[in-house]
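A, B, C and D are the chain letters, set down in written order, and residue numbers restart from 1 in every chain.
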Amino acid sequence: MTLLARSATLDDLDALLALAQDASPALTNLPPDRERLAARLESSSRAFQSEATAPEDVALTLVVEDDDGEVLGTATLKPLAGGREVYYTYRRETLIHASQQLDVRREVDILSISHEMSHATLLCALATRRDHPARGEIKRLLRAARLALVAAVPERFAPLLFVALPGYQSGGRSPFWEGVGRHFFSREFEEVHRAASLGSKSFIGEVMPPFPLYQPLLDDAARDAIGRVHPLHSEALEGWQREGFTPSRHVDLLDGGPLLEAGRDHLPRPRRCPARLRDQPAERGEGEMLLASQRDGGFRALLSTGATLDEQGRCVVDAGRAQRLGVDNDTPLLVLERRECAC
Amino acid sequence: MTLLARSATLDDLDALLALAQDASPALTNLPPDRERLAARLESSSRAFQSEATAPEDVALTLVVEDDDGEVLGTATLKPLAGGREVYYTYRRETLIHASQQLDVRREVDILSISHEMSHATLLCALATRRDHPARGEIKRLLRAARLALVAAVPERFAPLLFVALPGYQSGGRSPFWEGVGRHFFSREFEEVHRAASLGSKSFIGEVMPPFPLYQPLLDDAARDAIGRVHPLHSEALEGWQREGFTPSRHVDLLDGGPLLEAGRDHLPRPRRCPARLRDQPAERGEGEMLLASQRDGGFRALLSTGATLDEQGRCVVDAGRAQRLGVDNDTPLLVLERRECAC
Amino acid sequence: MLIRPVETADIDALREIAVETGPGFTSLPDNRDFLADKIDHARQSLAGEAEDALYFFVLEDDQQPGERAERLAGCCAIEARVGLDAPFYHYRIGQLAHSSSRLGLHRTLDTLFLCSDHTGSAEVCSLYLREPWRGAAHRNSRNGTLLSRARWLFMAAFRSRFPERVLAEMRGRFDDDGKSPFWEALGQKFLPIEFQRADHLTGMGEKSFIGEMMPRHPICTSFLPQSARDCIGQVHHQTRPALAMLNRDGLRFEGYIDLFDGGPTVEAYIDDVHSIRHTRSARVRLDDSVERAARPAWLAATASSPTAFRAAWLGRGPEGDDIRLTPEEAQRLQVAEGDSLRLLET
Amino acid sequence: MLIRPVETADIDALREIAVETGPGFTSLPDNRDFLADKIDHARQSLAGEAEDALYFFVLEDDQQPGERAERLAGCCAIEARVGLDAPFYHYRIGQLAHSSSRLGLHRTLDTLFLCSDHTGSAEVCSLYLREPWRGAAHRNSRNGTLLSRARWLFMAAFRSRFPERVLAEMRGRFDDDGKSPFWEALGQKFLPIEFQRADHLTGMGEKSFIGEMMPRHPICTSFLPQSARDCIGQVHHQTRPALAMLNRDGLRFEGYIDLFDGGPTVEAYIDDVHSIRHTRSARVRLDDSVERAARPAWLAATASSPTAFRAAWLGRGPEGDDIRLTPEEAQRLQVAEGDSLRLLET
């Protein structure tokens, strides 16, 4: 079976809605709301077809399908995380309290409410069919395909990319929320989460105090949860780290989950070379490659261990994969050699 | 004349004091105080001789001398800008004020007091003989030599390097100070500057409010001075930019001058190769190189346009320069090809 | 002249007042629905004891013939507890220490803090006297004093309906061109709207834009231009008599100012308000032989029930525990022989 | 029993008091040089009108024979204007709005702000009554009341030496182990020293560490554990009688608490303090026939000059403008026939 990531279209609406309804914990950026998802798919398709040369406030959505065209997963890129709104985070900072009189110097950790990430590109809304045996592979492809899209049209994304992973939970509760957000919102986590996922987030600026929080004043459970990932997402954390993402100073405002970041311009650069089809399925080679094609306002990508470059610099690809990518002999392909990042 | 940058010793005390007294505006990190300078030279010499493998709270001082050994300039590296203290700056941030009710979104620029730079490496205290015809060359060498030292022993410096340039002044006054600092200190700029240059800066934490300043509430002159360099230092600004430094979010707390930063690990890496002496002075070649030697706990560096690498990978250097660098045939040299940075 | 609770039928008269007062009178916008709701709310407040009760009174010229709208001379109100529905914002002027033994420096800087400290306090507000009942010709009727102090009698009579503290917001200083230097230096830098609109929205209780758009970090006043600093805690010249009257009642400026024009809030513990501390009760004795004094010196108010609240001037004070009323006075206040009245010499 | 200004010769007695009071009594550290300076400063304050004047009084048992140290029964003081030399810090409890129409959320959160709002206010402080003069046996001598209220008589007599407002800082709540839950939850997290040392340094006026080490950003109280929140504005059980007496004089808790133990500051406008409002003057008439009443009900104080300030109980009040004194009483107060006294019934 060959998994293919491709730009989503309105035809994927039912599948997307099913994925959204299936996600647990619910995803801020994938609300199970038919109308909102339909709007997202429409604007995404339009954006794929446009020739924008700067980050726009339009989410770009990919789906992954199997050989039969069945949609197994989805993920999205928001070129500007904040869009017209604000993307709030807590930024971990250290204050230095020093006293000549007492001859001491202490570092005091704080959490500062921050808008900085509003202008960065957010990779979000990753969901897969829960029961699918290839879930890990689907996610890996979605991670790689989004980075390939960024590498293909870097000018459409911000110099900084980030991903926000769900924060630590224990017994179904977020200790960070219990120790921080609840004080300000006096609402259940889910309710605020839902409000934050539907439209304007300006209410956060109204409700949260503008002052930083002193970490020494948080309860132990909340403090321990700062920047700690949800147990079910530790694999995703490792996956992103293998792609070269590193923990940032920022954590999620509501659940304290980590934000991982990477410089757009530090991503491996793709090679552009024409495809050369061959009939036989490829042998399983050494290095894995990501192959992507951009045609007719669509984006397609798949992982291949069999692809090689021939002496003319063409990318040798078997007919099956070529068909999935919608490429023929001499159609240009984007080729990214995959490597574990040593960062 | 060949200018040589070298690690300073206690013998340079008189020269250093003269440079400090001559500096205008006075340099925060080069107080014209004999005892303090003597202490700095002693600890700097010791540090050059030590084999530290991590950034230490000891300033490393270089001087530049001419063919006659006369000291014409100096500059310093503080591996940890804050040391035991705090290095305060204002950090430029943008708040987003958005209202659903009014359907508007405004970006509000603020200045936040920050300690972040305390852990970075500060390149500072650059001074030259005011009347010397080769002032520009001296400064260029001091910039290059400090970066060569960092490149030679990167583990002794922080991952982030920065330099703080004097802030804009007009008619001998700093409009940023007049519009900001004066409110909090109710003292003259020079007095506070002097206090800040002599020992503990913890008083700043006591006097400055912990809240950010709203830029829209500053007077025009103060706002215009944010991140703007002193007219006499625009050449230094360009010089650092050519070395790959870029303006950071931070500005000086007192005069609003810009902080330029560069990643230690993005500096050009030096090549290590043995010296090969030749008698004739070199022809003036194409590319400029910085040659440096580390011997007996000393560091020496000079700029050369004549040096080349031979087929054995040795650096060909004329006898005069070799002597200045204290190297013989086969003594290891650090060689850095100089290039204009395109960053 | 008679103070009584507003009635549903007062709506048109109230709207005329709203038109007269103009946009500067925040709490009485020229909006019929809003005013109708306000009257409803006031009627319900009298009946029940809603936490966010609004007690809204009108001054009626009962000597004047004609339409109700022609007899309504003014209005005044009490909000029982502000800030329960929508945030109630002020800037509070606090002192921050700026001190360093190293610099031999020790001083404090005045700093504005956005706060909601008065949440839950009572507010006396919405006082307006229409032009035909003002001026030298009406000096002896003391209509302004009646409007202002009748509220204290109401609060004294129904003390349990009010919290510990009361405040009044005073209109800030404006320059000769009708501009507020405080607004120009502060609010205008952050709000994409005109002063009048900001003021209007606030009056309508739509304040969420404040928390979203106004600076939420403290601001040192020394960063404001002198013209704006000169407005801090200062009142509009037309507001000086009202401020003086409140000061005489013991309300003081405690460092809270309006976000938009910098005008002062004056405040007191309700039990300390002079007009409340000095009210006393007396029993009505009807006596049509008593003379009316030239100058009204005693305020009288009914204390039986909030809905039946009436207040008016009397030309005389109590004798012992009794207060003698002419039948005409008794009728105005709707009291009978033996009823209890609250009295304040003023 | 007699209140008089402290004298240089009181130094040893004062040191004994400092030892007795222990480290908890911030303003009287056991440090001879500090106490000697304090006495000097107090003597100079009486003479001049220093801005940062300290008026320090002792209670002398003039019936008691023996050494001065054995006759000194207690002390009390007034600082004319706090915060002029070194910053005077408090946490102020303010309300911050947390409001969102989107969430249908509207509430306020109590928040602690580090401030120096009381800079320039007067402070009554350093009240201590030694053990041998306390308890049931001394109930009738009302020594505690004498120490507390004599200060108001001084302030009433020399009103121009004081500013608009006065405050008193009350010791906070401690648990059975002598620990302050407020300190444990807050101060201890930021200061690398023990409560006692922090308290001691503050008493010595060495407060720069507060601005350097304590959190300078506001803190929502809901982040503190319940045990610490329960201390906010609450007094040590031994301090309750002192608080009650200040409350009776009209001093109120207005939301300012101690940085370290969370104890309340109570405060008032000086002219509103009951004991000041109700003092009156009378002329001394010597009369050795008057009887001493069983219970002292009138406080008397000299009003001629600060250096000659004396206060003591009298068993009787004035008659008209006169107050009759026995020669013994007159001698205690060092007044003669025709001199003026300030009197307070209490």
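Note that a contact is a pair of C-beta atoms (placed from the backbone, for glycine too) under 8 Å apart; a residue touches a chain by one contact, two chains touch by 3 or more.
Please read these numbers as outputs of a predicted model, since none were measured by experiment.
J.: Tell me, please, which chain's centre (mean of its C-alpha atoms) is farthest from the centre of chain B?
T.: C
J.: With contacts counted as defined, which of the two, A-D or A-C, has more C-beta pairs across the interface?
T.: The comparison resolves to A-D.
J.: Centre to centre, by mean C-alpha position, how many angstrom separate chain A and chain D?
T.: The separation of the two C-alpha centroids amounts to 63 Å.
J.: Could you put a whole-Å number on the gap between the CA centroids of chain B and chain D?
T.: 56
J.: Measuring centre to centre with CA averages, how many angstrom lie between chain A and chain B?
T.: 39
J.: Any chance you could list the residues of chain B touching two or more other chains?
T.: Only 97-101, 200, 202-203, 205-206, 209, 211 qualify.
J.: Hunt down the residues of chain D that sit against at least two other chains at once, touch-wise.
T.: 96, 99-102, 208, 211-212, 217, in rising order.
J.: Residues of chain A touching chain D in their complex?
T.: On the chain A side, the touching residues are 97-102, 104, 106, 108, 110, 183-187, 191-192, 195, 200, 203, 206-209, 211-214, 216-218.
J.: Inside the complex, what are the residues of chain A that reach chain B?
T.: 82, 84-86, 93-100, 105, 115-116, 118, 200, 202-203, 205
J.: Going by the contact rule set out above, which residues of chain C touch chain B in the complex?
T.: Touching chain B: residues 96, 98-103, 105, 107, 109, 111, 185-186, 189-193, 201, 206, 208-209, 212-213, 215, 217-220, 222-224 of chain C.
J.: Under the definition above, what is the set of chain D residues touching chain B in their complex?
T.: 101-102, 208, 211-212, 216-217
J.: Give the list of chain B residues in touch with chain D in this complex.
T.: For chain B paired with chain D, touching residues are 100-101, 202, 205-206, 209-211.
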